[in-house]
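For reference, the structure discussed in these notes is given below.
Just so it is clear, A, B, C, D, E and F label the chains in written order, and each chain counts residues from 1 on its own.
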Amino acid sequence: MNLKSNPIPWQDRPAGSNSVMWRYSENPIIDRYAIPSSNSIFNSAVVPFGEGYAGVFRCDNKSVQMNIFAGFSKDGLNWDIEHDPIQFNPGNTDMIASDYKYDPRVTFIEDRYWITWCNGYHGPTIGIGYTFDFKEFFQCENAFLPFNRNGVLFPKKINGKYAMLSRPSDNGHTPFGDIYISYSPDMKYWGEHRCVMKVSPFEQSAWQCTKIGAGPVPILTEEGWLLFYHGVINTCNGFRYSVGAAILDEEQPEKVKFRTQPYLLAPSEIYELTGDVPNVLFPCAALHSIEEDKLALYYGAADTVTALAYGKISEILTFIKDNSL
Amino acid sequence: MNLKSNPIPWQDRPAGSNSVMWRYSENPIIDRYAIPSSNSIFNSAVVPFGEGYAGVFRCDNKSVQMNIFAGFSKDGLNWDIEHDPIQFNPGNTDMIASDYKYDPRVTFIEDRYWITWCNGYHGPTIGIGYTFDFKEFFQCENAFLPFNRNGVLFPKKINGKYAMLSRPSDNGHTPFGDIYISYSPDMKYWGEHRCVMKVSPFEQSAWQCTKIGAGPVPILTEEGWLLFYHGVINTCNGFRYSVGAAILDEEQPEKVKFRTQPYLLAPSEIYELTGDVPNVLFPCAALHSIEEDKLALYYGAADTVTALAYGKISEILTFIKDNSL
Amino acid sequence: MNLKSNPIPWQDRPAGSNSVMWRYSENPIIDRYAIPSSNSIFNSAVVPFGEGYAGVFRCDNKSVQMNIFAGFSKDGLNWDIEHDPIQFNPGNTDMIASDYKYDPRVTFIEDRYWITWCNGYHGPTIGIGYTFDFKEFFQCENAFLPFNRNGVLFPKKINGKYAMLSRPSDNGHTPFGDIYISYSPDMKYWGEHRCVMKVSPFEQSAWQCTKIGAGPVPILTEEGWLLFYHGVINTCNGFRYSVGAAILDEEQPEKVKFRTQPYLLAPSEIYELTGDVPNVLFPCAALHSIEEDKLALYYGAADTVTALAYGKISEILTFIKDNSL
Amino acid sequence: MNLKSNPIPWQDRPAGSNSVMWRYSENPIIDRYAIPSSNSIFNSAVVPFGEGYAGVFRCDNKSVQMNIFAGFSKDGLNWDIEHDPIQFNPGNTDMIASDYKYDPRVTFIEDRYWITWCNGYHGPTIGIGYTFDFKEFFQCENAFLPFNRNGVLFPKKINGKYAMLSRPSDNGHTPFGDIYISYSPDMKYWGEHRCVMKVSPFEQSAWQCTKIGAGPVPILTEEGWLLFYHGVINTCNGFRYSVGAAILDEEQPEKVKFRTQPYLLAPSEIYELTGDVPNVLFPCAALHSIEEDKLALYYGAADTVTALAYGKISEILTFIKDNSL
Amino acid sequence: MNLKSNPIPWQDRPAGSNSVMWRYSENPIIDRYAIPSSNSIFNSAVVPFGEGYAGVFRCDNKSVQMNIFAGFSKDGLNWDIEHDPIQFNPGNTDMIASDYKYDPRVTFIEDRYWITWCNGYHGPTIGIGYTFDFKEFFQCENAFLPFNRNGVLFPKKINGKYAMLSRPSDNGHTPFGDIYISYSPDMKYWGEHRCVMKVSPFEQSAWQCTKIGAGPVPILTEEGWLLFYHGVINTCNGFRYSVGAAILDEEQPEKVKFRTQPYLLAPSEIYELTGDVPNVLFPCAALHSIEEDKLALYYGAADTVTALAYGKISEILTFIKDNSL
Amino acid sequence: MNLKSNPIPWQDRPAGSNSVMWRYSENPIIDRYAIPSSNSIFNSAVVPFGEGYAGVFRCDNKSVQMNIFAGFSKDGLNWDIEHDPIQFNPGNTDMIASDYKYDPRVTFIEDRYWITWCNGYHGPTIGIGYTFDFKEFFQCENAFLPFNRNGVLFPKKINGKYAMLSRPSDNGHTPFGDIYISYSPDMKYWGEHRCVMKVSPFEQSAWQCTKIGAGPVPILTEEGWLLFYHGVINTCNGFRYSVGAAILDEEQPEKVKFRTQPYLLAPSEIYELTGDVPNVLFPCAALHSIEEDKLALYYGAADTVTALAYGKISEILTFIKDNSL
């Protein structure tokens, strides 16, 4: 995940603001109708690729079928998204049935880009695939039995094994959900399942009291793994999704060192408050530069469009430690 | 349904758009407070009448009581709506109790204008009435037992019988609903109930996977009956209503020849995304001219205001056939 | 419905009892496994036929598929039930799809025996059929759109039309339901839908506060139509079905003259308290002799077996009038 | 409650409007981020104090913890809100546990300012406190057992006893709720519980058919107590909160003399239609001047910001009487 | 509560049993049809009275209306229950509306017998009444706002005030409920509400993990107040009610000294497993003799009949202490 | 799984019966109070061991805590169950937290007895353990993330891998559930998840239309793997559990060759119809002798006691093939 070629998207903190994270002034960066077939383009993943960036995008079409599409960008802001969904070839197995695909994450490990997503196989579970070039894609065994969502790989092996966060739940609108970790020696068989973080008590941090799930691929820092996650509160008028962050132990990421009691970002702009699913702010990817102390967080807004927020990594880490639950 | 006198409302497709249907640039055409008592004016029906147009309008008052009102317009855009609800006289029966009336449709058959609506009789069912002049109105027997909504007559008899589409369901917020057809020799007794269209599987067309119901009175074309209908998806933050269309067999309208997999219109404008019930786009009437190849679709937005969308009939038919489920 | 040939089943009131109705001492009269395929035989209908009795029986098989079977008896107590379900030929229509059939009622009108049942056509609705001989059966149009159950014909035309009671509700476990009446000139088209009886307020008569539905075919008496019906209370451990009775006006049966506040029979015997659905006492048929002042009520017990209760018609009528809601 | 010093906030009815109440043109008056920790500042209470005004404000912080804060203003429009929540000392009891505090009301009785709020004690119930100076605060016994909300004191004793309105309900999202009154000789023990107002039938006034609760402290007028209250309708997309008003008997406030069938204000502005909980308009306080015939109603909008509406008391009273349910 | 005259009901522990409590071999002691109007007689209260015993009995009639009836017995086993429900005269207030009455408790304090029950006043709350002779009865103010059940008075004042346990909950089938205590100086105004005991975690004691409520009037022992209570588990087939016991501090009964982890009695006999509400074992009263070390516990079985269980007080106290949660 | 030493329990088919399976006449074989602490002993597993049999038993204690206990028997009918639950030592991992254990299965593979059960780890999932002697027990990694139940191992490796059936679902009363298979090279990491069998359509086989789960360890026959499973129907009064059977392909057990449309056994005896959870017949183990053509099926009855049913393997296989869905 080399950031030499192109700088990551960036915009300084607005004058007068003292928020630890702030929105990009030109949000949303991807419109719901950005490709001909799309009804909405939102929970999407990006990584450095070549001299620019590549990404895997959730585009629901106008039949409201959910699928994932490849896309490319020079600056991380202006994106060319393919008009046809990704076609997978068999990876480590025969082809798995897939009724739908959504909410992808992408990360580079060793020699290839691994993609995880919510895969429709008799209900939602975690699909796994890989690509070397974002042209040819290969699909592997699902990681788990249904019902699961928000499967997020760590960007390197831990103790010699692949590691994945996920949020097991039910087959409906998931009124509950905590973050677990599982390990695999081979990306095919998974085990050593451990609970990482649970929802917080309503009295302590209500924005994350209904369900929580991992967001972007964790970022390794001096403090440990920096994990952005979504938290949900069930108001009398529906679910409201906000963003928080945690620091996980580098060697044993099932150990949570710190975790924000306040949220970092919550729905407040009109493109977050209205859309197909109002009041959703859902992070799926981040670009970062440790050297420059910059982070660009990609998130879906109102399950409709894609937006961007910025922050300084050092400040975010300090904030998490100073405001830990 | 003669369109000689006045042209139907129209506006060309916006430059740069390639949507099969497009919104009127001055939407909404009827404000929620258009008459003194109203809280909202939305799911409403219009027909050519005299040199202009007449209509039956759902106006909920500020007690949020639901009733239907007559209205008149020269151009189909600017409407004078009566300040008092329609009073009915007995038609083919003694007067039926009616706790509330909403979501009217109007069509001309043979010698008179028939009105159907959702009638509160121990719960929602289909009320039937008629008028010759939109001044005097006559109420007939309810078509069905409760619980039913979205009763829509065909604009002429089929095989010598009146024909009506409807959506039987329950007495609450109706988490399910399919479209049926029933026949009557006399507008009093109904039978020969057949299922026409069911919701689609989530994987194939999610916007119409929770419930569907007929919209405007079907339009006879060379391909068969052109039926616009609403489809609903149940998101984690509530129901979202969109619009699709189907082509039914002319002689046996219980046979669906084609039906859109993608929606034609879905909530995306601020007057559709916010209001008393956000994310509702609900069609109840259409004006059309086969000769001019024009169609003007009236729809309720967010259960609050009335809006208009346009399309060319030939293009819509082609779109349905090319994108059939 | 001539009772000359054979006497109806009877047993005198037990010594010491002062109940207006009492159970047959040899209950249940039909065991759940009475035919080889059956899992349960319960909500069933009987009529005088020839020198004895014929009936239509709900037998759920061991796949728990619901169907109706013909049966014959000399004394109304010992029954020979066919081992195969009734096969229908087309009556007044092409054959209607029927996913399942249950809870039949039978009555003789003019020249034939009419059968109604809950017919699975895109959910439960009211199926209609007839037979002259209980050998050949003919199926007609469904009476109504879904969702409906407990369709019960009056045993003669009223004001020249067929009349049917029913209980419209939803497509699940029906947590609500009232009794309506509809009329038909021809057993094909139905209209003039009127509400007959609603559930009672909890404080006044809780056993019938959740849903009510017609039981056996109404019996014409000097006081009007005697209608037995089931009433349901929703306890914290499920629905409990009991039996009450009403007297409806002879000419205008939508007018309820009297209706029992207390129940007549409620689950209390072990074969009513335990079984596939505990605490269900569900009446579907009655034999009666006005001359002898005798009534034999057939009911399903715990959705598992068939049982019998007795009462004197004159005493039942007096009880209804003296204990009316 | 002396209004000599400073005039209450006011703005004349907009030209062309004939609404009995109208919004302040500079709404919202308090932004969601008005203090550093806040996520939202909405359901809040104000009273005349010194030469200006004091208030108790519900500020949810960015952990979405609910608490109440003191604030001061010269004009009732521009507010300085403390950055730390109110700390209570023991009043008429040892300190009561309080998991959270929200939706305060404030009123002056005899010698001090009494505050009531929804207090988290094993679920929501009614907390009571007082202050003489809005610097030192004292907490008393909870008025009731859980589960209760919207406890509102009358501004003087009635028949020698303190009187409080409240809305008992459950421990969740309260799908039901009516207004009751209770009395106390000593602000410690409460009894003589009477039902004041229930929700209205759907057919008569649907905006208040799901639950209702008292808003600001009642205002004594020549007609009796003027009570603003919130009413809720459960749409298919969630709860919608509007405002109505009632006139209660002066001596026996459990007697409702009049009550608005139409609402006075309902969500229609963008800051009411969007926010943390869309479509909420929730009144908690009012300033008034009988002499000047002015009323300024403070309300929470979308559970996010604080807004203001105006009306003439005489016109409001007339409206209530002319439009009574 | 003097036990001189007559011995309390008793039967020695069955041979071979080592249960701390055991059932009466002649259970049930009161049949569901013990009075002419009754459908069921179950949750009922008894006290020593004169030379024998008096009681207040919950009898649901055959309309399933719930009311309470007086009864008398010489031996506590054979009961004469009045055929008409108790008629109340005004006590410390005008007559309170009472839609229904159920689940009474009775205790003697100072000069009279106090009765508490679940009183239907806009939903369930705690009714209070008294009698001197079980002939004339007087009804007082309800203790609380709705929604509440299982109000149980302590048999003497504590620190100069009346004390009552109760279980606040909702207005439906109450899927949650804990035990609280409240105090009153005068049986009219109530305050100082404190939580006493909550449901236990599923993993520790599942039979009491859904809701708990006080049973008979607490018994003062050397260890403190002996409180029997019901605990409920929500199985996939409904609620199951069992019996446990706790020891509360004599002076501060909101302090729980010990509380049984295992139940004392749970449904296992056929009259507990079947009936109107299967699997309910609900204690409402106890007779005891400290001198003889005997306790007779009256309980409702399956919400249908009344039964009796025995135990030695010393053994029960030891069991509670040895098996405390 | 050698059956030399002792014959398996057996009783010939009762005279007059033509059921393919029949109950043991002395049922239940294990009473709910068979050990001092137990509230119920039901879903339990047995295997041949030494000259007799060993087993792992689900005993809920009187705190209704769920745990598993070892037991021994000479004849498979009379059992000595340990009074203390099984204590596990670490197997292939550090000790896993286990809030509760229930519904065990046991099978011998290669050199040891493997035990699977529903393990409480942040909700129900599949626990794995092993023993060589039923004295020392070792616990391994949980097979899956929550939420899962009814994990059943095949009695030998398939294609070199361990294979396990399971029923993923939610964390409540699981209103849905299908049977999946997963594979593992090492009993630690699991993958290759495939759907095996889903619930059947209501119209085809209603007893298994709500959820299904594997019962005893599959038995290898000439036809393939013989799998008994439970099927559930959701009646209006709760879940009803019955037993069916399927034949799975020997090499690819995710292929279902045959599956019973009718049930084999359904609740009908009083010990199945009443108890802690009425109407449950839940199989967890079977003893069999291919040579003698005998099978003894152990099942839990009403979640309360343990019972036994018999059948001839050849007849069962024929029945499955002749009555396949």
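By our rule, a contact is a pair of C-beta atoms (placed from the backbone, for glycine too) under 8 Å apart; a residue touches a chain by one contact, two chains touch by 3 or more.
Protein names from UniProt, one per chain: A, B, C, D, E, F = Glycoside hydrolase family 130 protein.
Keep in mind the model is a prediction, meaning the values are calculated, not measured.
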Any chain in contact with subunit A as well as subunit E: D, F
Distance in touch steps, counted as few as possible, from subunit B out to subunit F: 2
Copies subunit A and subunit B touch via same or different residues, half shared test: different
Greatest separation from subunit D - chain, by CA centre: F
A-F, E-F or A-B - pair sharing over half of the B-C contact pairs: A-F
Centroid comparison with subunit B (C-alpha atoms), farthest chain: E
Rotational angle, Cα trace of subunit D fitted to subunit F, multiple of 5°: 180
Centroid spacing, where centroids are CA-atom means, of subunit C and subunit D in whole angstrom: 55
Whole-Å separation of chain centres (CA-atom averages), subunit D against subunit E: 40
Per-residue overlap in subunit D, given as positions that touch at least 2 other chains: 237-238, 270, 274, 278-279
Pairs of chains in contact (touch as defined earlier), listed by label: A-B, A-D, A-F, B-C, B-D, C-E, C-F, D-E, E-F
Residues of subunit F touching subunit E in the complex: 32, 36-37, 39, 60-66, 99-100, 120, 173-174, 237-239, 274-280, 303
Subunit E-touching residues of subunit D, taken from the complex the two chains share: 93, 121-122, 125, 141-148, 166, 168-171, 176, 178, 180, 182-186, 188-193, 195, 198
Partner subunit A, residues of subunit B touching it in the complex: 18, 202-207, 233-238, 240, 261-263, 266-268, 270, 273-274, 278-279
